[in-house]
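Before we start, here is the structure in question, set down as structure tokens.
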Amino acid sequence: MKLLRGISGFVIRRLLLGVLTLLVVSVVIFAATQGLPGDPARAILGKNATPDSLAALRQQLGLNRPVASQYWHWLSGFVRGDFGTSLAAGQPVCCSKSSSLLGGRIENSAFLVLVAALISIPLSILIGAMSARRRDGPFDHVMSVVTLALAALPEFVVGIVFVVLFGTVVWLLLPPVAIIPPDQAPWNYPKELVLPTLTLVVAVVPYISRIMRASMVEVLESDYIEMARLKGLRESKVVWRHALPNSLGPTIQVIALNLAYLAGGIVVVEFVFGYAGIGAALVDAVHNQDIPVVQALAMIIAGIYVVLNLVADVVTILITPRLRTSLS
Amino acid sequence: MSESTIAVAPAAAAEPEPRRHRPLVLLLQGAWRQGRTKIGLAIVILLVGLAVIGPLFAPYAPDKTANIPGQAFAPPYAPPTAGARLGTDTLGRDVLSRFLWGGRSVLALSALATGIGLVLGVAVGLLAAHSRSILDDVLMRGMDVLLAFPQIVLALVAVATVGPKLWLLVMVVGITTAPRIARVTRGAAIQVVERDFVHAAEALGESRTKIIFGELLPNITSPLMVEASLRLTFSIALIAGLSFLGFGLQPPAADWGLMINENRQGLEINPWAVVAPVSAIGLLTIGVSLVGDGLSRASIGIERGGIDR
Amino acid sequence: MSAPAWDGFVVEVEDLRIEVESQGVDIVDEVSFQIEAGEVLGLVGESGSGKTTVGLALMGHCRRGARITGGKIRIEGRNILELSTAELRALRGRTVSYVPQDPGSALNPALRIEKQLDEVLAAHRYGNSGEERRVRLLEMMDEVLLPPEGRFLKRYPHQLSGGQQQRVGLAMAFACRPRVIVLDEPTTGLDVTTQAHVLDTVRNLCEIHRVAALYVSHDLAVVASLARRVAVMYAGRIVEAGPRSVLFQSSAHPYARRLIEAIPVISGRHALAGIPGNAPRPGRRPSGCFFAPRCTYAREECTREFPPVVRIADLHEVRCYRHADVLAEAAHGRPAAEELTALRADDRLLAVDHVSARYGERQVVHDVSLAIESQECLALVGESGSGKTTLARCIGGLHRAYTGEVRLRGELLPAGARARDRETRRQIQYIFQSPYSSLNPRKTVGQIVGQPLRLFFDFGRREIDARVAVALERVQLVASVADRYPDQLSGGERQRVAIARALVSEPTVLICDEVTSALDVSVQAAIVELLGGLQREMGLAMLFVTHNLALVRSIAHRVAVMSEGRIVELGPVDRVLGQPQDEYTQRLLADTPTLEAVPV
């Protein structure tokens, strides 16, 4: 009970900190989109726009109000769930169910990231733990080189190599694009999802598995593991029961960071495969200089980061007795 | 009895070891002994060489269409033939020429961006670690805000406002690299700050700048070099990625990332127009990270007291 | 479940050899000893002597990179080096068990202690059901004087004190009623009072259960209080073994003798004599006797072949060609210490008035006042957490969060070195506990020692180099050391460099903060000897901070005893150590293990 109260106190403190971070983030986004040189009205209407039409658009966008008032209008809209109106499409950006620009796309992206995460996390922990256990053995050496090389590759390189290998030039096994029609759920298109998912998996597994290995190697060198062996315990018990729980702590933080990173990774991956998610939407919006959409997406992605970090902190506390007991 | 009297030898250091190189030289030597460093370095040198002197060997100017014997105009996506060794691209230009011209921009922009990030990040990290006060908190919270975005998202926000300008790309990539380097710098420096030789220097009244640059910085060069090479990998990926999305160099410039974007439609007809730049970017990032890993292994070896193997 | 009584030696080690795996260089060689049931054998050596390696070998275990390559280890007649992995596993924790050095790091932070204790019993099928095991578990807790209740068992290791953690370690080791137990410096890191209690428990348990114990330690006084027989290791060999009374009164090996002479004693003032030089590392050991290069008895024959084992009395064996000469020399008569400097009356140099200091939220020093006269050495003694280091750091300008006054020659000093003027900083110098942390690894010794000169004087390069050379000579290092980096030096050499840095600017006050606690006994003696000499020679006022009461005798005029942030007793050394007035001082003196207390 005391633990529960301790945890909720901690979560509330961290949530407040998260909200504060998001507030500062919103200022950064707003400043970046308003403060940088460039006139959105002219950008939208092009070089040949008449002064009248420019003035009208500025009025419509609220650009001639004071900056602080513009910021307040934007931010308060955000809190109410009004993410603004797309300049290019004239639709609300989000999140009224039927007609919003991003509605279905958020689910599409979430599904893609979720599938990638569900595959990546256990796979990385397994690879990391096995490499550490057979440290300096053949499996470890091969994995060390493979993960190093894969970690270095940009997502679009991986994605295109997959397209070349499995979708077009070499073998025609899988669709090279993953076009999900609007109003359709992505899980109805499993074949299309294979390559994008695989690309995301390749983007994160090397990082998580390397950190898992490093953390497990350190734990396996510790005094308490030597002690567990000297107590006459079986090696399997030593590894899974004594070493694993202690190696997960540092790994969880890295998992959170990588999942947050996936939120950026989908930008390129969705573009490569033409997948209708928020990443591809962001690229389109940037092409169209559709500022409200860019602002909204940047805020959503930063929000995901804040939430993931919070979750990682809570999980770390729950699995680390030293931290857990200090809360209760 | 006389032999048993205690004669403290003036030489407590009995067998003099040979005079040794500076620790930084040891690190580089240790990294060189790793096979992967040599392979990585070879790859990097090859590609940098290709980018720098490649244009001298390019058969065509980058924006000219290819001259294929027997054809008045070079068709788009022609497979490799006599006048175009790697075929032609979407506008009938020679893929080989554009490939040879297209590496300079990625290399220069990403190196510049990493340099900016390194200088900013190291400055902030060292300042935060040394201050041990509210300044530390303020600086690192500020860095956390920048860390709340994947690098590419912040870059896209900037591009959406200003448009695809090269100086902007370099600045954004540099500024978003800085907090990541600052974190590593602070993490390494904060351990050094707590060591007694820093306290000793403070007790002697050594100036703050001398402490930061004389006591702290030399002790974190190994993790910094490892981090710098890692960040260079990311900058290359990011700059090339933004070009690939169409926000880097604009047509008709020759650039590896842009080439991939332009020629994706013809992937099945002339794959070389995509495969050549993709492999170059992939190899480059692998090469840089192999060097980084070699440095990292060497620095761990040095920490453990031995640099052999 | 009692095992049939085994008559004869429970442990027999014969010609044990352990090598560095890849190089074939021996860490330990030609090690032989026996232990009977109910007997404790003390295995003594300085760091790097191979004592822990031998201890672990009794369980058929080697650390990463090492391998047992020769000899026999018989436990109740069975050579454990021929056992299969499964048989070894059954042996460990059941027949032979281990008590580790640092209980804090040897207990798994992620598991409750109940689980960690229970799994030993479960792994060896000790007790048929969870119920039976639990009964045994509570019984074990009782044996090691921990509360035998469920609530306590539910705790995690970090919720226990250091002493309690080590008691859990003992309970774990005695859980399955082993025949043999290896104790690897189990009381290092505990304060003296806790150490005394843990040692009592160990002694009782070994006696009651007739366990054959190997007690590995660098601390001869602790070993002497526990073991009836002692073996001394040097550079991977046992150089002398015998009953403790014989060994401590009339050792026949020069190393053992010098090692014992290096131990400070509380009872009287003796000169501490260190052993010059360093123990050779594996692979760098000389031909002949490994101790010969540092030995004052060494002759030509000593450099040819390692001396064979000679039995000079029942149970007393030694490996030295010149043991007869060593023995012929007067039995351990220690030379008297040099006279301390006579002090002029009322020449107060440094004064601390009503100083209170906080460390973050916690107040660690409470209203402390003391004074040091010029040329005086004042010792500040206390256990860890007593606030002695914080007080020293306040004086040295390293800790700013204090109230009260620190005065030098009557002049009030501001808090923090940066606020003090150059001349004050030059006059008060500080030497840190660990020479591994106090020297910048990226600077050469010359740069390190030259740093104060650069800051306090306007010398040219040549003058700085010359003065650095003089300072190095003063601490008995050769001048060429100036070109080396700290990691090329041994711990003792590094501490000498730190002393040279402190003295190069000719200070008047020297603050020594636990300067020997990271060093081996023989090196400690040499450093204290050196510091004492320099203090007299240069006329320094010195604040000597230490947890080691015995060290105080050899160096200090007066001693201040600190406990929980307060000075509980302050007076001349002979008075405080001879007739302590304060209860805390009395208890501290009673709990400190000493060689004088060795029963003959």
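Per-chain numbering from 1; labels A, B and C assigned in written order.
Note that contacts are C-beta pairs under 8 Å (C-beta built on N, C-alpha and C of every residue); 3 or more make two chains touch, one makes a residue touch a chain.
Computed from a predicted model, the values in this text were never measured in an experiment.
Visitor: Computing the C-alpha centre of each chain, which chain sits at the greatest distance from chain C?
Guide: Centre of mass proxy via C-alpha means gives A as farthest from chain C.
Visitor: Give the chain pair, either B-C or A-C, that is connected by more C-beta contacts.
Guide: B-C
Visitor: Can you check how far apart chain A and chain B are, centre to centre, with Cα atoms defining each centre and the answer in Å?
Guide: 23
Visitor: Just curious, how far off is chain C from chain A if you go by their C-alpha centres, in Å?
Guide: 52
Visitor: How far is the middle of chain B from the middle of chain C, if each middle is the mean of its Cα atoms, in Å?
Guide: Spacing between the chain centres: roughly 47 Å.
Visitor: Provide the residue numbers of chain B that touch chain A in the complex, in ascending order.
Guide: Residues 36, 144-154, 156-163, 233, 236-238, 240-241, 244-247, 260, 264, 267-268, 271, 274-275, 278, 281-282, 285-286, 288-290, 293 of chain B touch chain A in their complex.
Visitor: Going by the contact rule set out above, which residues of chain A touch chain C in the complex?
Guide: 221-224, 226-234, 237, 241-242, 245-246, 319-322, 325
Visitor: So in the complex, the part of chain C that touches chain B is made up of which residues?
Guide: It comes out as residues 273-274, 276-278, 284, 293, 296-297, 329, 396-398, 417-418, 420, 422, 425, 430, 432-434, 437-443, 448, 451-452, 455-456, 473, 476-478, 480-481, 483-485, 487-489, 492-493, 496, 501, 526.
Visitor: Show which residues of chain A lie in contact with chain B when the two form their complex.
Guide: 21-22, 24-25, 28-29, 32-34, 36-38, 40, 43, 145, 148-149, 151-157, 160-161, 163-164, 168-169, 176, 260-261, 263-265, 267-268, 271, 282-283, 285-287, 289-291, 294-295, 297-298, 301-302, 305-306
Visitor: Under the touch definition given earlier, write down the residues of chain B that touch chain C in their complex.
Guide: Against chain C, chain B makes touches at 1, 3-17, 19-20, 23, 195-197, 199-206, 215, 218-219, 305.
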